[in-house]
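Presented sequentially are two complexes of subunit A, the first with subunit B as partner and the second with subunit C.
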Partner chain A sequence: MNSVFVRHKWEPYLWLLPSILLMLIFIVFPIAIVFKLSFSHISPAGVVGDFVGFGNFQKAINDPAFKQVMINTFIWVVSVVGFSTLIGFGVAVLLNQKLFGRKIVRSIVVFPWATSLVIQASIWNYIIKYEYGNLNNVLLNLGIIKNAINWRVSYQIEFMWECWVGIFVTIPFVTFCILAGLQSIDSAYYEAATVDGAGAWQKFRHVTFPLVQPSLTVSTILNIIYVFNSFPIIYTITKGAPANKTDTMITLLYMRAFYDRQKGPATALSVIGFVVLCIVSGIYMVSSLRKEEH
Partner chain B sequence: MKRLLALLLAALLMVSVISVSTAAEPVTLDVIICDYGPNTQNWFLGNGMDGSNFVKKFEEANPDIKLNLEVISWNDVHTVVSTRISNNMAPDILNIDTFAQYATEDLLIPVSDYCPEELFDDFFPSFIEQSVIDGVCWAVPDLASARALYYNIDLLTEAGVENPPETWAELEDVCQAIIDFYGGEVYPWGMDLTTDEGQAAFAYYAWGNNGGFVDEEGNWNVNRKENVEAVEFAIGLYNKGYTNPNPATQTRYDNQDMFASGKTAMVIAPQNMPTYIKDKGGDINFGVADIPHNEGATSGSVGVMDRIMAFKPRTELNEEQTKARNEAIGKFLTFFYEKENYVGWVSMEDFLPAVNSAVAALVEINPDFEAWLAVLGNARFYPTAKPEWNDVKQGVIAVQQEALVGGDIQAGLDALQEKITK
Partner chain C sequence: MTKKQKIRNKHRWLLLVFLSLLLSIILLSLPVYSFRQIVYSKRHANTPVDSEKYIEAKALAQDAMLPFGEDAKLNETVTHRTNSKGETTTMVAFEVGVKFTRNGWSWMKSGLLSGHILLIAFGSIVLASLFAVLSYQSGQKIQDKHAYHVKDRRLLIACVLSLIALLLIPVFAMHANYTFNRNIPFLLDDNALDAPVVQQGMDFLFTQEQDPISAFKGLSFQATGFLWMLFAIFFLNLIGLIKLYQGEIAAALLTGFKYVAVIVLCVVILYPYFVMFITGFRTPVEANDMRFRYIFPTKWIWSNMTDILNRGVPQYLLNSAVLSAGATLIAMLCGIPAAYAMARMDFKGKKAYLGFVIMSQMFAPVVLLVGISQLMTTLKLNNTILGLIFINAAFNQAFAIWLLRGTFISISSEMEQAACIDGTSTVGALLRILLPMAAPGIVTTLIFVFINSWNEYTISTVLIATPTKKPITVGITQFSSFNMIEWHYLFAAALLATLPVIVLFMLIEKHLVSGLTSGGVKG
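Moving on to the complex of A and B:
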């Protein structure tokens, strides 16, 4: 009897053990290593040396590119998460309607998400190319423009393109998260609202939106994390050029680690990013969950 | 009976242990080779070496040595090596461009420890000098390339230009003539200020204005007025609309592609450009000339050289093991530079050789090599023997990219000079 009790007590943990071990090895351990490295001197060749306190953090923050990169990271995350959520919400509502060819449209919408980010970014790189770019070719052939346009005329414009590519590839993820939420809403709520005389907007505001909010919270938090850590789009299109003007924190830390051979400050940047991300996601998650409770 | 069996087993175990320890242990060498082009991987690991490959042939010729060879792209090699060093997994043999950082951090073994004398004497002395710090040679050159001006003869002729530009003033005149004739349809001048090769652009203009990275004594001098003028001139070409529109993101390969398709009229490129144009299906009539320079300065090609170096072992070795390892590294080099192997390798990727013994055979294969070897003789190399080189390289690229968006060139170079000399 006693052994059965003990077995029952420990059995769930035993089943969880493989997952816990995997998380420890592939998530917790690397994070701990990065934290340790961020307080260590790392030579340009890569040799890990002595403890240097907050020296790497000082270097990272005093980096001339740091301020610009923080601004870029803020714009990047807010614009990509914000616009992809807005557009994705609209697309999800549309795809939730009974319309002809809905299954095909749903399949098509998932394509950008299913394709590798490097391929997506490379394709957009070709689309907006001044010389022989698809966008210019199409517009020229349609007679909309007479001369090719340089779609990358300044770094600000290039950064806007990068944000657009980010939005484009993120929309499907938001769409399917919201769509899952929409499909779980019982039609009885809408029927009741109709009986009460609610219009389309009132139904959306008082039925759809509150009930889809848990899905929205999940998609937004995951998006903040994914977008903040997104590397391939910016690296493929501009590599942060000119002079880090289009870098975000992730691409800057890569450039510092592997181009400039400043691994110490790069690991410090990584830790700063991790902490910022934890705080932002935490605040958003807590406030959303409170709203849901209300 | 049981005791007897146990004794027998123990004896067998002893015998097997002794036989393992007394047998000649094969030396395994971890080798990293950079990917120079479409044939590198195939030559080292596929069937690009007369139906076989380098590793297979080497191991057949040296059965006591095993090669664990990887071919890694230039985009990734620095990342891979740095990560491996951080994890105490440095390769035994590394093929890469720079060496000074590894040497000053005491990670390499001197060439004299493993390179046979006969082979060492075969290298061009001017190349070997580039890998010497305080009298110790830390790496050997594996190949070299030199840069020159390529110009589209037809495009220039149609625009009324008879000869390629020799000076900066002539370069501006030719660019203007091309703009006047073609409008924006043809870019007169291909420029790469990307993180790929922005340092080469700095060298073209700085050396063409009697400037450079170091002074006569070999000390860093990146903020001298000749360099400031040189960058101002380069950025001026961009501001006047003479270059490709996005030099901070368009690499040398983008420029070469546009030259091959007739979109760009002039570009500075290495000796393998004719093959590149052919591979791209380009059908253009082009010529080769010296890189333009400022009045009163001399033109000189930019030489680029890559190297092979050997790292210290990851674990402590006894004297005998050290000797065996060094001999194995020496055998690797000897096999690589063996005339028939090396000539095949260099000519396959269209590079210039680093050893005297290969010159005659290469000239026989491609008579153009002779002219390029002369160019290489006058070429100047980056000061890669200085450990700060990587900072300087990234620094001049950043200054040029900042200048593209209106940054102060003098202030940028002053800050760089201060950073590397403090």
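Moving on to the complex of A and C:
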């Protein structure tokens, strides 16, 4: 057994106590406050009033921007998680090969993970500017285009750029999770598959993929949570403009709470977001666990 | 495949290498740009054909032709006129037209930077082919000792040289485009950005009298096709060399594809950092106006750095450092015991605690912002760095415990068990035995939490109002106010904020993989 001798039954709880206290005060209390506020009337000045039932939720759902924001949130999460997982998987497979300078490439891949999202978003915001953005500048100087291109013609295109930035900053996390899975695969499996006459694709399909499935599940669940909760990218590039057309739930929540002084609907949005997140990641977890059993 | 066939194949690929060399020589000799220009033009009134005056004039024109050799053409027009008195006079006009052609060789000799680059590219192709021949000769000698597929170092050098040549073509294109295309708007404004370069370009095209703008445009139009062909030829050369080196074309292509993918990956990832770097050193005019801008700053403005240091950035950096160090300290003080208990002890509610930790990940600080700001007001931690420290520590608990637990599990507990039997307490076992052994994992976690806290933005914007208490991520937004964004300052500050963290992250990158493995997958 991989455990140490414990003198008292209550000793493990003592070890856990600091961590539990920390999280209780600074995570669970705010959660409780948010839940409580979502059911109470809050004046624009922030004074908490009476219990109003689902009044805040009604207000939040009846918000004219709500429908568009829900669609945006869906597109945001699905596209960012989906594409970053696909690309990250590819990069992980690439980095798992014998390559000259692999260490350097691995350190480079980690860059976006190590950089603050505000800074990343600011840089991309600058890159795609029409009049003086760097992308146009580079393409013009290389002679690839003759005239500057407006990279942000409409809010849909701007939102696509935001998704791209999201994908860009998420790739390293996926790559490293999957790389961890790939490196823990015993090479004996591949040797056995070679003996059985499996081709490269079959090896990937029947050896690599099932064995990295756990890492993939972990990274996807965490990604869904992180991407859903991601805030600085959209806030920096468009601030939800025009008229909340590029907002996701999180940025809308922030705007409502701290710009429009509607803390009631904002907390209701938090609760809705949390419930959605729980359901989605719960479904994903259950279904992928089932798959693993098969 | 028999040995003979193999050798024949080898001949074939060597042939391809030389064919591409030959093609590139032909291409370089073809005119990239040609135009006709009048260098001499004179009219002679009252000069009957074959008169003395006529012969004199023709000799003059022929003198003007001399320096241009066979490219020059003499054009003679004779006009007869009857004047009012009824006399017929003859007018002769001599024009010397010269056809100028410019090809790759003259480009190399032109003294333009793009010419030098072309020369280097061509030189490395020649060298590469030379190396291929050298290895071929020695390959003939050692053929019998079944060492046919010995990967020859000389062939590797040849491959690298050929690759360099291939990569130099875009560089060449960039510089040619800079000289002949990007300068056009400046010529139009009579405001040449880089006057010596423009002069060089004009000398090269011999356009003292011709309109430089149309000449430049004509060249860049024709040069595009030239470039693509050169690129294709150099690519053939590379393929041939790789085939010679690798033996199998499929493996060679796969290797090539892999490296292309890696290069594309690195370019895409580094691009925003490149933008941040160069923009941080631009002048404000260059940062905000594309017309006055080349890929690299025309002047590197180091004073951007000193300017931002006078605008509160050192204070922000200090705040960030304090905040991250504090958060890391608290997260570790709470996380290490918890991870130790999770890794080494059995108790009721272990799963419940794990569930609790995972649940805490569900809530990002943004979602709880309203609750957090309320709580902070109650605790009187509003607008303090201490408040941020606690929040960051709490939200990093989950990942810290995950990583630490993985590290602890991967270390055998035998030593601790022995120590416990000898009477050491569990605290002693943790401090004296486990922690020293788990040092790499602990450092990884430490740095990870530090970086997360350093990069945190959302809570800090809401909780901190006093400018002197802002961390760097919030502090740099002062350079991007609504009506004016000072991009050069913004990126100079971003550079200072990013560099230390990236260096730290590169240090732990290797351990992070193993940490994720043992923590996430095995556990």
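Heads up, the rule we're going with is that the second predicted complex is superposed on the first by the 287 of 294 C-alpha atoms of A that agree within 3 Å, B and C clash if a C-alpha of one lies under 4 Å from a C-alpha of the other, contacts with A are read in each partner's own complex, and residues count from 1 in each chain.
Convention: a residue touches a chain if its C-beta (ideal position, glycine included) is under 8 Å from a C-beta of that chain, and two chains touch if they have at least 3 such contacts.
Predicted model only: the values in this text are computed from it and were never measured.
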- Which partner does A:199 reach: the first (subunit B), the second (subunit C), both, or neither? neither
- Message: Between subunit B and subunit C, whom does A:97 touch in the aligned arrangement: first, second, both, or neither?
- Response: second
- Task: In the overlay, answer first, second, both or neither for which of subunit B and subunit C A:34 touches.
- Result: second
- Partner with the higher number of touched subunit A residues, subunit C or subunit B: C
- Where does A:82 make contact in the superposed view: on subunit B (first), on subunit C (second), on both, or on neither? neither
- Item | Which superposed partner A:263 touches (first subunit B, second subunit C, both, neither) | both
- Message: After the superposition on A, what does A:131 contact: first (subunit B), second (subunit C), both or neither?
- Response: both
- Message: Quick check for you: in the superposed arrangement, does A:15 touch first (subunit B), second (subunit C), both or neither?
- Response: second
- With the two structures laid over each other on chain A, which partner does A:282 touch: subunit B (first), subunit C (second), both, or neither? neither
- Going through subunit A, the residues touched by subunit B and also by subunit C turn out to be 131, 257-258, 263
- Which residues of subunit C touch subunit A in the complex? 170, 173-174, 176-178, 181-182, 220, 224, 258-259, 261-262, 265-266, 268-273, 275-276, 279, 287-290, 293-295, 330, 333-335, 337-338, 340-341, 343-347, 349-350, 353, 356-357, 360-364, 366-372, 374-375, 390-391, 393-395, 397, 401, 409, 412-413, 416-417, 420-421, 426, 429, 451, 454-458, 462, 473, 476-477, 480, 487, 490-491, 494, 497-498, 501-502, 504-506, 509-510, 512-514, 516-517, 520-522
- Okay, in this complex, where on subunit A does subunit C touch? 2-7, 9, 11-13, 15-16, 18-23, 25-27, 29-34, 37, 91, 94, 97, 99-101, 105-120, 122-124, 126-127, 131-134, 136-138, 140-143, 148, 168, 176-177, 179-181, 183-184, 214-215, 218, 222, 225-226, 229-232, 250, 253-254, 257-258, 263, 266-267, 270, 273-274, 277-278, 281
- Interface with subunit B, subunit A side, in the complex: residues 42-48, 130-131, 147, 150, 152-155, 158, 237-239, 241-245, 255, 257-261, 263
- Query: Which residues, counting only subunit B, touch subunit A once they are in their complex?
  - Reply: 78-79, 81-86, 101-102, 105, 107, 184, 193-195, 245-246, 248-249, 258, 263, 387, 390-391, 394, 398, 401-402, 404-405, 407
